[in-house]
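Order as written gives the chain letters A, B, C and D; numbering starts at 1 within each chain.
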Amino acid sequence: MENILKLVTENQQMIYIVILMVFLGIEVIGRVPSVLHTPLMSGANAIHGVVIIGAIIVMGKASTDNYLALVLGFLAVVLGTLNVVGGFVVTDRMLEMFKKKK
Amino acid sequence: MENILKLVTENQQMIYIVILMVFLGIEVIGRVPSVLHTPLMSGANAIHGVVIIGAIIVMGKASTDNYLALVLGFLAVVLGTLNVVGGFVVTDRMLEMFKKKK
Amino acid sequence: MQLDILTIAYIIGSVTFILGLKMLSNPLAARKGNLIAAGGMTIAIFATIFLYQTEDGQGLHNYAWIFSGLIIGSIIGTLAAKKVKMTAMPEMVSMFNGMGGACAALISAVEFDHVYREFRLDSNSFAAVVPFGHYFTISAGAIIGGVSFAGSMIAWGKLNGRVKDFTFNGQHIVNLLVFGFIVVVAGLTYWSNTSVTNIWFLITILTALVYGVMFVLPIGGADMPVVISLLNSFTGVAAACGGFLYNNKVMLTGGILVGAAGTLLTILMCKAMNRSLMNVLVGSFGTKHTASGGPAKQAGNHKEITVTDAAMLMSYAKKVFIVPGYGLAVAQAQHTCHELEKLLEEKGVEVKYAIHPVAGRMPGHMNVLLAEADVSYDKLLEMENANDEFKSTDVVLILGANDVVNPAAKNDPSSPIYGMPILEVEQAKTVIVNKRSMKPGYAGIENDLFYQPKTSMLFGDAKAALQKLIAEIKNV
Amino acid sequence: MQLDILTIAYIIGSVTFILGLKMLSNPLAARKGNLIAAGGMTIAIFATIFLYQTEDGQGLHNYAWIFSGLIIGSIIGTLAAKKVKMTAMPEMVSMFNGMGGACAALISAVEFDHVYREFRLDSNSFAAVVPFGHYFTISAGAIIGGVSFAGSMIAWGKLNGRVKDFTFNGQHIVNLLVFGFIVVVAGLTYWSNTSVTNIWFLITILTALVYGVMFVLPIGGADMPVVISLLNSFTGVAAACGGFLYNNKVMLTGGILVGAAGTLLTILMCKAMNRSLMNVLVGSFGTKHTASGGPAKQAGNHKEITVTDAAMLMSYAKKVFIVPGYGLAVAQAQHTCHELEKLLEEKGVEVKYAIHPVAGRMPGHMNVLLAEADVSYDKLLEMENANDEFKSTDVVLILGANDVVNPAAKNDPSSPIYGMPILEVEQAKTVIVNKRSMKPGYAGIENDLFYQPKTSMLFGDAKAALQKLIAEIKNV
């Protein structure tokens, strides 16, 4: 129990950032019209592609003879890039169609 | 220049908290109806009364023979309390009137 | 352990502030939101008193001072807040805001004193020993808090009529100079010899107070709500400085939250009046026109109506709209007004109220006022809806409103209120205006409406006039 | 210096994500918002590549691997995203989401491998040397990422018809057991002897994949958009785990932002269908009823209409409403539909579209589809407005829609779609329904509308039927 409490103080700032981010995520979405649900979902999908940064770090730190790490890291980079690039492009295509309406 | 940059990294988490808080403040207010402007103003007014905590810390740390600090700190506590208590009570009174409408 | 619980208390505090503010911006949840924020504040305050530890692990002392301060503040605060009349709400808010600003400035002063005592003997300038960041937060807290305090006091004085508008040519340039002076003095405090550091700091605070006064003085009384909202966000930033100073997250988050929300609220208020913030701050809107306008400049003839005629007109109308304004609040005639409404309804007349968003002296003023008199909610129409209905209205009864029905806002591009949306009462068949004289309203400009053939004036204090009307209608 | 710039790049990244998401939820700014977020992402990625430093101050290496990965991913991603048909958008999103989940799981795996290599010889369990928090983030990232990956793949398969719904009794209990098993294995990984730690970890990941499959399998195909949105927020949380792992703020904020926003979006989507999230996940909505409903259970007689008669009816109507549905998208008949609309308008018929928010297979599907065919925006009426206008409509032409016009949603409390708002087409004078057979739509239930006296069926593929209609109308 005391350990958990200590974790709270040690990670105070992180906890704040997480809580504020959760609030922001909820506030920002607020009440979107259902028409925008799909592009919004796909845009959010592209944003969590930020996980690619973790893949780059893993890859960039792997020692050059650790083939397991290299291969897995490489795969992670490819998949993460797919998520990011594909996500943004697909969202843009969808929104392009929407814009025509006006 | 380099010093300022260093400050950014050192206070990274603080900077995040401030930025996120600014976003939240803006998001949360969003588009309020003008009818609520006054109570909202007064409610926000009560919240910044949180400065009272600083007054308590100052007061509680002042050495018992430093009369300048004691007097100023005491004044700060009184004024801060006025802000907090008065702010919340006045807001509540105002909102009570609003509620009757329904 | 103790500190960990304090951290959690602070997190709870921050979260309740966000939740509270969020709920405050929703009419249905507003009151609960206020209570939630108050609860979080209480937790944060008591956690600080009992759990706070200085770097060397000591708790706080001087409990007697602290608790007497808290008790005195609570008693005065509660009494003042409970006793204040509804119409004086904005003044009260301004006053409390000033207290918060003063509190922030005092904290900075004590903290400065603390640092100063520690270093004045060992070194020849603050710059040599105090990190710039630390000094900056102290100084910023003192300056912003001081400006907020002095400004709020002036705003308070203006709202209750104790302080008059005061302008001179080039005032804004002078203000800018004063502001520059503050920055210079704050720099001198940091870099000059410790023998005079304290004097420079004192000058910094004093000039901040002067600036606060000069900043608010030229702004018209009618714009005070906007100014108060702005000063509100200043105090928020000052509180956040305290948060940086003590690395205290609840002060930091609370302060920044109010700072950001207050700034946006200020802008929203300006938008509701169809003006820019710049225009409010620099435009000296209220003043100039009180000077140039005025009763001398009457544009035509107005006609009066007797109470008996007014009573007749209203009794036989199908639909009557009441337009309340600042005068109704001044005369405290809301209850009498509600009586008139009930009487007319008994006679089969349909009675509604047209509520302009900035009628009165604070946003939502008329809603609060009429709610106090138990007028039912669905009788109050917002501006847009009322404007749609005036065409089918027989009589519009204007009770102490002026600017909000001034057609110049629509027709006269040179008018200072041009562009503000108004209640278009001239679409109704007849308009009866109750006020005490032909004097202008807060914007200080003539109102053409009063001289139109449709319009007749019913002079007198709103409450007295309404009472007479009621008596007459009972006789019809 | 280098690290400071990296910090700033990350701050910029986080801010653009917030701004981007905010703008994405506003129709007018959405596209710009997407570009802004993409810009921030690019900055964050390249800053990481060139500026990142490990604790001992070294930069990254293996640039060749990194860049080839980036290039390969970009090319495939762009091609796939550009080539995919509009109707297959949700599948594509699901696929990309799965990639993100897999990426998060892989990172955790490599990180596990890293820690494992370091400690397997010195100690007898992870618990002895690795802080629990560190292991927890690794494990959570692997599990959540794995579930998200497997679930997204199944969702993808369901949407394009490769995977069929699959349910058995007590499935949800089995799923709960599997989930419990994951937790136990993850615990074993931490506390068991290092000789088997790696095996337990492998089992953890594998079970997570199994769980992802089993979680999505029983959920009906029509609910896939909701499931994808939920898995989307899972991937967000998995990315945030990576942020904790590397104390990387941009990953943390981006991940949490999407996690929170995605969860809310999921709930909003359920609300738009008037169902609870629980009902979607556990209700097995789609499946059960495909089983129980079906063509056998016809409730009465339907009547058919010839193309000639339909053409006549529509040519001489004053006002025609077109109700597009999933079938129109399948038949790719949007252009032909626009042609019909123009033809009728030339003949003086007023033509409008009634858009149901969940018509088709993704929210906004019909808007996208018709926009592709250049149908003008002001011809598209949202459900509420369309429902107001059906009364004054002569002919409603339903093109491949079914569930969104099923009156059971209003009348039959036992129906699985009961409570969903629908387009109330039966208020119009005549209803013409185009579909290929009497088969039910996605919810798998009978539609009473087809058997009503007002309704006549025009069987055939939407595109073919429309082409015939156009030809006939030209002859009228």
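One rule holds for everything that comes next: contacts are C-beta pairs under 8 Å (C-beta built on N, C-alpha and C of every residue); 3 or more make two chains touch, one makes a residue touch a chain.
Small disclaimer: the values here were computed from a predicted structure and weren't measured.
Chemist: Per the definition at the top, count C-beta pairs in contact and tell me whether A-C or A-D has more.
Modeler: A-D
Chemist: Where the CA atoms of chain A average out and where those of chain C average out, how many Å apart are those spots?
Modeler: Those two chain centres are 42 Å apart.
Chemist: Express in whole angstrom the distance between the two chain centres, defined as the mean CA positions of chain B and chain C.
Modeler: Chain centroid spacing, chain B to chain C, equals 17 Å.
Chemist: Using mean CA coordinates as chain centres, what's the gap between chain C and chain D in Å?
Modeler: 47
Chemist: When you check chain D against every other chain, which residues touch at least two of them?
Modeler: In chain D, residues 18, 22, 249, 253 touch at least two other chains, as defined above.
Chemist: Which chain B residues touch at least two other chains?
Modeler: In chain B, residues 13-14, 16-17, 20-21, 23-24, 27-28, 30 touch at least two other chains, as defined above.
Chemist: What pairs of chains are touching here?
Modeler: A-B, A-C, A-D, B-C, B-D
Chemist: Mind listing the chain B positions that touch chain D in their complex?
Modeler: 2, 5-6, 8-9, 12-13, 15-16, 19-20, 23, 27
Chemist: State the interface residues of chain A toward chain D in the complex, per the touch definition above.
Modeler: 7, 14, 17-18, 21-26, 28-62, 64, 66, 68-70, 72-102
Chemist: Enumerate the contact residues on chain C facing chain A in the complex.
Modeler: 1, 3-5, 7-8, 11, 14-15, 18, 22, 249, 253
Chemist: Where on chain B is chain A touching in the complex?
Modeler: Against chain A, the touching part of chain B is residues 13-14, 16-17, 20-21, 23-24, 27-28, 30.
Chemist: Show me the residue ranges of chain C that touch chain B in the complex, using the header's touch definition.
Modeler: 13, 17-18, 20-22, 24-25, 27-28, 30-31, 33-35, 37-38, 41, 44-45, 48-49, 52, 54, 59-63, 65-66, 68-70, 72-74, 76-78, 80-82, 84, 86, 89-90, 92-93, 95-97, 99-100, 102-104, 106-107, 109-111, 113-114, 117, 133, 225, 228-229, 232-233, 235-236, 238-240, 242-246, 248-265, 268-269, 272, 357-358, 362-365, 367-368, 371-372, 374, 376-377, 380
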